[in-house]
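Same chain, two partners: subunit A is paired with subunit B first, then with subunit C.
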Partner chain A sequence: MIKKHKNLLRYSFDCLSRYRMRSAVIIVTFLIATTMVSAVLFTKEGLEKEAEISVRMAPDLTVQYLKAGRVAPIPLDYANTIAEVEGVKSVVPRIWGYAGISTYTFTVIGLDTSLIPYATFGSIESGRFLKPDDAGKGNIVIGKLIAGLLNVKVGDDIILLSESVEANKFHVVGLFSDASSIYTADMIVMSIQDARQFFRMPEGYVTDFAVYVEDYEQPANVATKMSFLPNVRILDQDLLLRGYKAAYGARGGIFVTLWTILLVGAALVAFSQAVVVGHESKFEVGLLKTFGFSTLDIIEVRLVESLVLGFFATSLGMVLGYIYAAYLNAPGLVDILLGWAFLPREFRLPVFVSWTSVFSIYAVTVIPLMITTVVPAWLNAITDPELAMRRAAA
Partner chain B sequence: MRKIYLMPIMAIILTCTVMVICVTNQASWQNREYYNDLRYAIGLPSIAIGTNYEGTRNPLLEVFVRSLYDIPGGYDYVVPSSFIDTPLKLKEYYESVPGFNITIRRS
Partner chain C sequence: MIELRGVSKIYNKGKFNEVVAVQDVNLKIEDGRIVVLTGPSGCGKTTLLSIMGLILTPTSGDILYDGEPVLGYSDYWKTIFRRENFGFVFQHINLLPQYTALENVLLPLYARDSDPSDFMERAVELLSKLGVIERANHLVEQLSGGEQQRVAFVRALIKDPKYLFADEPTVFVDEETSRIIYRLLQDLRDKGKTIVVSTHDPELIKIADQIHRMERGRLLQTK
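Let's turn to the complex of A and B:
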C-alpha cells in the first residue's frame, strides 16, 4: 500500500517536469501575486504595531483647546482645574509643533527638562540627552533625518527659521540612535523654554496638556468628568489607536483587495492551464486507467502536483515579499501605502509577520489551486478510458 | 538525487523558511528596544513617518489630515479623502471625538 503511494508520488513529481510550461505559468503568476500581497500585509501589520506601541506610551488623555472649531494654544491655568478632577494623577503642559527645513517638516518638541527620566539617555548615539540645566540655553537633541539633511554632528550649531521668519540659533548636544529612528528621525528636542521662544508662544499658554490618570481609573471615565470644561477636546489612547489602525488599515485594505483580485486571476490561469494540459493528458489518463489506475489514484497524482506547486510558489512569494519589505523598504509600494507620508531612509520599514497573515496567504493560494487542478483531473478520470484515448487520438 | 525531487524538496525548504521567518520576526519584535522612557517622555502617539506632512504626528484629527483647515463655507473634504478614502464615514471620526464640530457634516 505504502509502495503504491510512493510510486504515485514519484509519478506526480515526474509530471511537474513533464508539463513544464503549465508549472512555469502557475509558479510565475502565483509568485507575483503572493509577493505583493505578503509585502503589503507584513508592512501594514508592522505599521499598525509600531503605532500601537507609540500610542501605549502616549499620555492617557490629551487635552486640546478649540477656538472656533480649530485647535489653539490652551491657557496654562486650565492645568489646575484639570488636576482637581477626580482620578487625575498628573497634568503635563507641552509645547510642540513643526519646523520646516527645505521641503521637509520636522517635529519640534519642548520638554520640561526637570522631568526627563534617566533611562531616556539610552536612545542617544552620540553626545547626551537634555539635562535640567539645559533649560533656556538653546541646546537641542536631533534625529538622524535632520542630521543627515544638514550634515551636522554633535557640537555644531544650526539655525532654524520660526513661523515669524526669525532666525533661531541652536546648539546640537546629542544625536538620536539609528535604533530609535522609527520614533525620533524627524525630531528636534529642546527645553520647553526654548520651544516657547521658538514658537513665540505667549506666556501663560501651551500647545496642549498630557494628562495621566490614576491606575484605578478608566481614562474614558476621567474624560467624561472633564466635560464641564469649556472649549476643550479630550482624546484618549483608544481613540488614537483606532484612528491609526483605520489610517493604515484602510490603505492596506485597498491593496490587499487589489492583489486578492489578482490572485483570483492567477487561480483562473491555473484552471485554464489545467484544462489545456488536461486535454493533452486525456490519452495519458486513459492509458493509466487501462493499466489499472483508479479515479482516486489520478486525483491523488494531480493533488500532489498542485500542493507542490502551490507551496513552492506561495512560500517563495512570501520570502521575496518579506525581503522586499524588510530589507529593500518596499520601493514603489510604500509611497502608496503611507499616502502623503514618506519614509526616511534612516530607518527600515517596520515589518510584522504574523501567523494569521501567513496562513491567510496559504489559504487564498493553495486551496484555490488545488480545486482548479483537481476538478479537471477528476472530470478526465471519470471518462471511459477507451473513449478518452480515442478522443485524444482524434 | 533525481531532478524530479528538486521542486518538492524546495517547496518543503521554502515553507520551513517562511515558518522560521515568522518565528524570528515575532521574536525580534518581542526583544526589540522600544525606548519606552523616551516615548513616554515625549508623549507623541505617532512614529516618524510622514514627516513631510505636518499633520501626521498630531493627535487624531490631524492624522486624518487637515480636517480643521476649513475653507469658507465648509470643511475641506478633498484633502482628508485623498489620504484614507473618506474619513467622515469612519465612526472613529465622528462618534467619539468630544468637541469636534460636526454640525456641517453632510447628511
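Let's turn to the complex of A and C:
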C-alpha cells in the first residue's frame, strides 16, 4: 500500500503545480489574513508579557488617596500610619504625573532615592541610577524611547515644560535598558524634590505611596490589614496586571476576532474558488473514479493538497506577520493597540510568539481550508462518475 | 461474460423533467467479442455503456459479471472492480489538459499499489503501436483530435483490462486513425478481450460480432 500512497502524494503535488491559479488564489487569500492575525496575536502576547514584566517591577502595593471619589494628593504623614501596619517593610512616597516635550507625553516619576531599591526600575543600559545626593539637583534617568525621540544620551540636558509652561532643565545621568520597554520606555525618573518643584505639589503631600511588604507576607493580606485607613485606594500587582491585560488584551482580542471572521471569509473564498474551478474539479474526480480511484483516494489527494497549501500559506503568513509587527512596527495597528497608553507611535511594539498562538493560527486556517476543499471533493466522489463528469461538462 | 437483466435508467424520476434514458434492457455479451450499440443520438447508448462500465447506477435491473450480480456491492468494491478489469474510451476523449500524453496514459496507475513507471515499457509499446510515440511528451492541447483519441485508447489499455468500453471512438477522428482503431479492436478481440462500443460508424459495425440497435432507451434488434 505504500507505493499507492506515494503515487497519490505525487499526484497531489502535481495538482498543486498544474492548477496554479487555484493554488495562487488560496495562498494569497490565506497569506493576507494570517499575516494580520499573526501580527495582532503576536503583538497582543508581547504586550501582555511586557505588562507582566512591568507589574513585577511595580511596588507590592500602591496606596492612593481619594477625595470625593477621585484620586487626590495624599498627606505625607499617612506614610507613618501605613508603616506601622504589620508586614509592611517600607513605604516610599512618590510624586508623579505627565510632562510634554514637543508633541510627546511622558511619565515623570519623582521618588525618594534613598528609600527605593535600585532593581525596582530594571537595569540601566548606560550611565547610572539616581543616588541619594541627586536630590534636588535636576538629575534624571530616562527611558530608551525618550532618548531615541529626542536624540539625547547620558550627559545631555533636556528641557521639560511644566503645567504652568515654565521651562525646566534636567540633566540625563542614566538610560534604562530595553528589559522592560513598556514600563520604562516613556519614563523619566527624578528625585522627589525635583518632581515636587516641577509639578508644584504642595509641601506635605505626595501623589501616592509605593509600599513594599516583608518577604513572609502576602501583599493581599497586608492590603486587608490597611483597610482601616479612611479614603484610600490600595492597588496590588494583580489589579495592575488585570488593568494592563484588559487594555491590550481586549484590543488585541477584538482584532483577532475580526481577523478570524476574515479568515472564515477567506476559507469561503477558497471554497468558492474550488467551485469556480469546480467544473474542472468535478470532471477530474469523475474521471479518477472511472480509472479506479476510490472515494478515500480522492479525499487523500485533496487533503494533501489543502494541507500543503494551508501550512505553506499560514507559515509564510506568520513569518510576514512577525516581520510586520516586530520590524515594521505594525503600521495601521500600532495606534489602536497602544491607544490606551500615552506611548508615542515610535514605541517599538513588543512581539512574542508562543506555541499556543502558532497552533491557534494553524487551527483557524488549515482546518477550514481542509473542510472547504475536502467536502466538495467527497461530494463529487460519492456521485456516480458518469454523472460527475456530465455535470462538469454541462 | 456480461449480462444485463431488466436494466432501466430514469433521470429525475417522478419530476416534471423525467427522462427515461434506458428502459428494460436485457442483454448477454460473451467474452472475446466486439459488441456494437448503435442507434440515433440520445437513444441511450452512452447511458447503457456507462451502466455496464459501473460508472452509472441504473434505476432498476441487475448487471452480472461472470454470473455474479455486482450492483449490490459497495462503491469501493465497484471501484476496485473497475480498476482491475475495465478500460474506458470516452466520446469527448477526456484527457486532462494540464498533463502530457504520457502522463495521461499513466494516470490510471496512480490508484494502484505499484510504481507507474513500471508500466513505461507497455506505455511506449502502445503509443508506438498507435503512432503517437513522438507526441508522448506533448501537452494534450498540442495534439490533434485524432492523436488525442489514440492517446485515450492507450490510457484505456495501459492496465491490460479484460473489458473495454468505447463511446463513439471514431466520431471525431480522421480515416487513418479510424483504421488504426479498427485494427486495434480486432487485435484485442483476438486476445480474448471483450469490447463494447457505441457507434454510428458503418466500418466499425462491420467488424462487430454482435450488433444491438437502440431507440428511445430500448434495445430493438440484435444481430
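To be clear about the criterion, the second predicted complex is superposed on the first by the 326 of 394 C-alpha atoms of A that agree within 3 Å, B and C clash if a C-alpha of one lies under 4 Å from a C-alpha of the other, contacts with A are read in each partner's own complex, and residues count from 1 in each chain.
Methods note: a residue touches a chain if its C-beta (ideal position, glycine included) is under 8 Å from a C-beta of that chain, and two chains touch if they have at least 3 such contacts.
Everything numeric in this text was worked out from a predicted model, so none of it was measured.
In the superposed pair of complexes, A:Met57 makes contact with subunit B only, with no contact to subunit C. When subunit A is checked against subunit B and against subunit C, the one touching more of its residues turns out to be B. Of the two partner chains, subunit C is the only one that A:Lys289 touches; subunit B does not reach it. In the superposed model, A:Asp297 lies in contact with subunit C only, and not with subunit B. Once chain A of one complex is fitted onto chain A of the other, the partner contacts of A:Asn151 are absent, as it touches neither subunit B nor subunit C.
When the two complexes are overlaid on their common chain A, residue A:Ser164 makes contact with neither subunit B nor subunit C. After overlaying the two complexes on the shared chain, residue contacts for A:Tyr98 are found with subunit B alone; subunit C is out of touch.
Of the two partner chains placed by superposition, subunit B and subunit C are both touched by A:Arg10. Of the two partner chains placed by the overlay, neither subunit B nor subunit C lies in contact with A:Asn80.
Shared contact residues on subunit A (touching subunit B in one structure, subunit C in the other): 10.
Interface residues of subunit A, counted against subunit C in their complex, comprise 1-4, 6-8, 10-11, 18-19, 283-284, 286-297, 382, 384-387, 389, 393. Those residues of subunit C lying in contact with subunit A across their complex are 47, 50, 53, 55-57, 75-76, 79-80, 82-84, 86, 88, 90, 92, 94, 96, 98-99, 107-116. Partner subunit B is touched in their complex by these residues of subunit A: 10, 13-14, 16-17, 23, 47, 49-51, 53-55, 57-59, 62, 64, 66, 69-71, 92, 94, 96, 98, 103-107, 109, 111, 115-117, 119-120, 122-123, 143, 145, 179-187, 189, 208, 210, 223, 227, 231-235, 237, 239-240, 242-244, 246-247, 250-251, 254, 307-309, 311-312, 315-316, 318-319, 322, 338-344, 347, 350-355, 358. By the touch criterion stated above, subunit B contacts subunit A in their complex at residues 3-5, 7-8, 10-12, 14-15, 17-19, 21-22, 25-26, 29, 33-54, 56-57, 59-65, 68, 70, 82-85, 87, 90, 92-93, 96-101.
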